[in-house]
């Protein structure tokens, strides 16, 4: 399975980082747990084509050393967890988890357990620990629906599965396609999944990295557009059944630029432009959410002083560069989520075909080459 | 335990409904499950002083016949569930559940189970049922922290407890004080809990009912104000220990006026004025949220036509009356949550004293009487 | 000057209305005043390449019979007027005016004068007129900067010019390109201006019309994308000077569907997807705003009853169709704003070249033809 | 005319600054222009009881050295100018002006003129000046309606009047009551106007100052509450005529704490709690807006580097103190706006009586004294 870069049909205006993934942002780690279990008819407990993906801003204790974060809703038909507190405080204090829609509460509960294990005063507060501070924890969980391929009702992702994803977490290359939270998703009628990409700003613009990771699960076949070419007008998955529920996308953005919440919010609002490049028409039933965080703008749980000297960033002179970095990363991450996904047969024989890279090259490649020559 | 009305010290500008509670809005039902278990030291599984409260907009199948709803965040330090989809679609499709902070995921998961039991196509979609429509469900869950009196870490509220609350649901008088989601909460340093109140608009303003239900868990003793009198300056709970986590309040508003989401949003934004009347200074660590719904503005899950004739409401001429109804209902519901709560001793001997009605009367009553005579 | 449809290179998924413009929405009228005055060096009072464009939801007294309206901000680097009240009340009570950035206050002042002339009790209230009601008026004015071609400091658009635009208003075909508020704008380094387009939903989806009108003034040459083809990679305006201020776009959406404010808000949030299709990367300095209104959801200034029977609309089953209608209308309106604009030389000899239609056809046309054959 | 402090009936929990006004925040200046002209019947050009008030964050060139600022809307029935750009960029680049409703465009236009005089490249950009940067300017103007006492239609406040207010600006004590933008306003049926107050945080909480300035123009007589006492239940203005338009309030908050936009937003959202303390029920027709800025968090128009070392502030441990400072400042500023306002007779003999301090003392004073003794 090739990533889009390997096909020779795509090129961004800004250079990618060395891994061309969200883990190009120093310290960011990603871990997956993939559940592929059972075949055939729905049994009431499977078959399962689902999973969970964790994104960790740094390798320390996230509750003790929070990072600045924001959320943004493009179309809010979704069941995410933890957005309200992030909006108010601008901080992320657990890993970000992505999963299938109905798994969200069980995954949020699991993140609570993990946070408590690491910080046993959570939920007890000063009475038990003599500790000052805010004794609760706000997990951040996103989702898209994998119900076409997987038994959603059974909600099979819980503490053990989240632990496994955490154990898998690495700062190296991110596994893409049919993995973790992308195991059962569909995109433009093809098999969707996890995809990632990154951009590096030129040194004179600060040299910062912006990375995106997506869980792609949206769109109708005829909409798919790659490198501006309406691929979906000529390539169609042979077995496509329209889904009434329309699907969704989760987009996670990471950067090492010392951005505050207002600035991160501006990044988030650009993600829709990357999404649109791939052909999305933002269906009414799509839960399209963006989460962004800065790894270098950190907030201690119990600051020892009220104020510290920090790097403050004037974004306006380079905002258009950040825009471009976000848009290109999101666009490319979606392409990767499609191209890296193989065909999956799920519950009740439902099938999603992997987007065939060679046919994409045939449709797109020539078009771009001819234009620029 | 008397409600504030029975003390003869409080009078609103607008008349209350017959029950002076959220169940004055026709069809609205409330059910509680109360967990009071264990005594003494924290064991890792108790003692528990917690519970869950359900508010049901009508007695039908809420998923099939949704009601128009909105949410509003006064201070977002909280871990609520389901707000994003309500913002986008303006619909409520499960009961509203209130509980202790760390119970939220388990309660949300339980609401999913109940919705699936009633609507087995949820999570399966058309593939299994031949049904058109959106095959997921968005539980709405609010919370405040009861960690001072209860073992929050153990998260003891799940499916069985939510079922019990549902079985308890009634359209009659609402149990207040130390019950359901109010079992372990604290308010202005006293025992807080569940409180409710309602207002009826004059016939020339439409004759609609507005009801409020609160889960009170906020404030410092010196702030408590009743009927404008700074009661907290003279009455203090004998055993008060300051809580660093500051507490929170959940406010649920119901009305039978056929309001749309924009109009319900205007109601929500008035709730803070009622909260302020009781002395709240909106602490930084308080998760103060409002949920509002209209029982008469309903949306079928699978509408048979794109449009129907409905009552559309021009709110502007009566908006100030709705404001007053919201503000007074919230204010009075908070008073009731305090006055109806008895003293509770919880985990590790932590104690919250019930606000003594007779002492309140002594401080407040005379003051108001003298002014108006 | 051909519109994009006439070039044979563009085709939408949904059919356009008969005029393929915002005036396909019954009752909607558009009027322009164009100020092209002076040549050569900046004098302190010119040269001027600016104007004003009015969009009228219906031909009646807009203050007496308001329409449901909302606003949406994609990137808020702009100086629009009137957004706050539209957000709260969801009503439009004057024509929408578009103009150059620094003209906004004078145009808002002019709209006040016109509203007062038509409704002389405004600003006087009951004391002078015995009238009940809200005696102020909220003009809605959008803008983009035409400072590259025109003397913005002099702010030459006021009451006389707004009157002239009103006198020009017609429900027929909309003049596009270098006209009204588009007289001095730039888009992707070429001459921008006013553009419009419309879509008609199939009868089974209600048969409603969605129309868009844009004032285009954004983007860098290399970004221009037409029908998915990165035209800006091969076609460049010969005289392009980069503008540090980056530009902006105003997007006005109209529909005859009886949508409420929440539903109109969902339409607005899709406009960015149409913008992205033309290559926009949402520059940091761009003021990108959307205004949407429904011509059939009207609100009297002084309703005689609190409620009326109205058509209420269930948008969810057709939301994806509305999305597509908005996205395609915005995309095509932007193309029209470019193609219908001729070359303009403005102050200090600054020049913007009109996008040459034949060269666009050469670059784009073949590419699409080959793909689909 | 005494301020509330001088009456001996009011005391806050936090100490006031030396001036007990917004100018206690170092560098903040306030200037008024008051227009009291004509008597008797409305002539079509008067009588006038109106004006303009300017709040300047510092004495430098505000366009060159912007301050961090945010806005917040409590009830958006109002015609403010400049909010969108402040939301996006978080910067204030002109003085804040307050005036009567229909004057807003002319005052915004005047602020543009002043900004251009000081920064002649505005509106010309690089073409004329060789300068890099964003060549437009975003005035911030708030308003309430003074149409009961003043001829609003004539819109008599423009450049000359704004210049006069600027010339009047001082960092000393702020003139209150019937002055500037408060010349023609009404509050709780009495004469309203300009009021101000401040609070100083204890040194261990950073020692910062929070100041508030209000233009009060809201409320019905029976609602007025002072120090918790429902004064409006016993004191009524003899000549009160109910106003259908309900009125409004503008609240400006200043601080020298180095807060970012998210943190300033949290301050803003507390202002409603101060407003509620005075009896407000947030009428449907009230335009209630908050603007907040930090004098020490500054942003150059053309930063020389992308990032600087700055003081970053952890607000959470002291957020409740900031809350209290905002709430008390707003409450006290409203009291001062009433008590410092004398009786005014305006157009058509319309009259607003000044709230009689001695009668307030009689009603309130005893009540509080008795409680605490």
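For reference, chains read A, B, C and D in written order, and residue numbers begin at 1 within each chain.
The definition used in the following text is that contacts are C-beta pairs under 8 Å (C-beta built on N, C-alpha and C of every residue); 3 or more make two chains touch, one makes a residue touch a chain.
Keep in mind that this is a model prediction, so the values were computed, not measured.
Asks: Could you tell me which pair, B-D or A-D, is linked by more C-beta pairs in contact?
Replies: B-D
Asks: Report the chain whose CA-based centre is farthest from the CA-based centre of chain C.
Replies: B
Asks: Would you mind pulling out the distance in Å between where the CA atoms of chain C average out and where those of chain D do?
Replies: 34
Asks: Could you tell me the distance, in whole angstrom, between the mean C-alpha positions of chain A and chain D?
Replies: That pair's centroid distance is 44 Å.
Asks: With chain centres defined as C-alpha means, what is the inter-centre distance between chain B and chain D in Å?
Replies: That pair's centroid distance is 34 Å.
Asks: Mind pulling the chain C residues that touch 2 or more other chains?
Replies: Residues 75, 88-89, 134, 246, 266, 285, 316, 318 of chain C touch two or more partner chains.
Asks: Please output the residues of chain B touching chain D within their complex, sorted ascending.
Replies: 13, 74-75, 222, 225, 228-230, 233-234, 246, 266, 269-270, 272-277, 280-285, 315-316, 318-320, 322-324, 327, 363, 367-368, 370-372
Asks: Sort out for me which residues of chain A touch chain D in the complex.
Replies: 88-90, 134, 205-206, 258, 260-262, 266, 299-300, 302-303, 305-314, 316-318
Asks: Looking at the complex, which residues from chain A come into contact with chain B?
Replies: Residues 42, 73, 75-85, 87-89, 101-102, 104-106, 108-109, 112, 116, 122-128, 132-139, 145, 147-148, 151-153, 155, 241, 243-246, 285, 287, 289, 347-348, 350 of chain A touch chain B in their complex.
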